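Each of the next two complexes has chain A plus one more chain, namely chain B in the first and chain C in the second.
Right, the complex of A and B next:
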């Protein structure tokens, strides 16, 4: 059975989809990702779909599902490397890709995740200070 | 004209990927821009996915249409599922507000230049047409043949496709093997029957050979040296004659079982009967037989000359042998059939009691009567000859009144 590898990079998970997703593969990826986020307490997921040709409603739904599940587990999903033709088709479709953030390429995607992480930790710090204050 | 470019069946999710790739490829051939290729291919994959999910399997055919005002490429996806219930409602769904599945059709329709869907209890047919061509493309037969060749010759898109092709080939081979097996079984059956016939034949002939031999032996042992007993010599003579006849019969049978040496000719029945009557002149004259012929409806037949003659000779000689007290009368008629000629032969002889012997009359070395002298191979030979190329023979008879044979002779090509 084919599997799509999920790499851990610090706080983030990197998924590079090199082949066209078919149903079972996509559903497995969904499950694997959720497990990995939980296991590594990842704060972000970067999905590179630059090699993917088929982005139809099924793929859109899978990406959207992953984003929403990750969000519940406190991780941000960024999809990068979408081909221009695919982007055009997605707009034509009017497919709602709820919760999915996008970036042009892996580099930009990583930046986005890092920036988000910094914002998060700042927030955490402020919250923790608040908590300290209230404790006193 | 709508020309089929390629087709594939959709039996699992990998096929959806394949269908998508083919759609991209064909759209590219047609000179459509990349975004339009993607639109077309995405529409195709949406419908293929539906087809797989709701009908479990189906097939997709890609066409190129160069007939209408505007050239088009078309993907036709068919399945034999239960059909889509509430299709009108589904088509009214708005993807921006509707949450849930079942948007595939709407997406596909949005992405197509022309979209057609028909669904009933017999299954669903979807046609996705792309008519927007970015540059002038000629979809002539030659060019489309080129596409076909390209698709055929290109290395498989994936290991899965390779497997799929191999699988299809295997299925074809299996089918062929099955047919061959059936044929072999049929041949086997015929062989078994033929073997059984052979056994009966051997049994009959050994009996026919043994009886005169036994009496020969007995007579010889009774003979004294130097003595010449007329009675014993007579027995010996008769036994030798019987042996001779049996062996001649055997040779005749061997001869007709080898039709390769025979010549196919346009046999003229009238001429053939003249020859046969010539050969039987003595017996026909002595019995004052009257032979009525009517070959007007079918005068000739392309047949093995030797066979045709042998069949008639045997029939006449039987009629002469088994005639009744009345003057012998024989009638022979012909009429054309689809495959050759039907020949009806009737005599007014002693007849055959078919109620008792119907299964035996065409078997070798079976004599059904003690009247006259015979070897019991005439009818066997006739049947063998007629059936050699798919012909058939039927017999009806009333003891004391006569016999009718109906031959369906099949012409030789």
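Right, the complex of A and C next:
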């Protein structure tokens, strides 16, 4: 059975989809990713679809599901590298990619995840100072 | 109208879909269809073949390269199944309508992506969907 590998890099998970997805494969990826986020307490997921030639309504929905599930688990999902022809087709198909953050390429996607991580940790710091204040 | 190439592909399980998509891509390349049109054709084909698997347990697809008198060349795909048929075709062609758990974009979405779309269905007998995508359009 084919499987799409998920790599862990620090706080983030990296997925590069190198083959055309069929339904079962996409569903497995969804389940694997959610488990990996939980296991590694990942804060971000980067999905590179630059080698994917078609995204139809089912796969679009899976991407959107992954984004929403990971959000509930406090991880941000960024989909990167979508081919222009795929983007044109998705819009004409009428698919709303709800809640999916995108970036042009892996580099920009990583920047986005890191920026989000810094914002998160700053927030944590302010909340912890607030707690200190109230304790005094 | 002349048919230049034709081939029938049986769709019985999910893995057949990958093979089928490759064959359609091959046909599109044969007539030098542009990347955007090819992607649209492949996406529409993918939606229809999924419907066939999900609602009719499979079927077959006739792939053809056709050439029209007006010098238009294109790929025509005929999806035929012996499933339950579609009770309300008007509803099925509406965005967001689905009897399954999908988004209901399959049929209307596929229609928007191709040049010619035709659907015939008979309750209890099956459904035939024919789509044509011209090389330039």
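By definition in this document, the second predicted complex is superposed on the first by the 136 of 136 C-alpha atoms of A that agree within 3 Å, B and C clash if a C-alpha of one lies under 4 Å from a C-alpha of the other, contacts with A are read in each partner's own complex, and residues count from 1 in each chain.
Here, a residue touches a chain if its C-beta (ideal position, glycine included) is under 8 Å from a C-beta of that chain, and two chains touch if they have at least 3 such contacts.
Bear in mind the structure is a predicted one, so any value in this text is a computation, not a measurement.
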item: Combined model on chain A: chain C and chain B, fit or clash; value: clash
item: Partner chain(s) touched by A:55 [first = chain B, second = chain C, both, neither]; value: both
item: Partner chain(s) touched by A:86 [first = chain B, second = chain C, both, neither]; value: both
item: On chain A, the residue positions that both chain B and chain C contact, one per complex; value: 20, 22-24, 53-58, 61, 83-86, 88-89, 92-95
item: Chain B residues touching chain A - in the complex, by the definition given at the top; value: 13-14, 16-17, 20-21, 24, 34-35, 37-39, 41-42, 45-46, 49, 95-96, 101, 103-104, 107, 110-111
item: Footprint of chain B on chain A - complex, ascending; value: 20, 22-24, 53-58, 61, 83-86, 88-89, 92-96
item: Chain A-facing residues of chain C, complex; value: 14-15, 17-18, 21, 25, 35-36, 38-40, 42-43, 46-47, 50, 95, 102-103, 105-106, 108-109, 112-113
item: Parts of chain A lying in touch with chain C, wherever the complex brings them together; value: 20, 22-24, 53-58, 61, 83-86, 88-89, 92-95
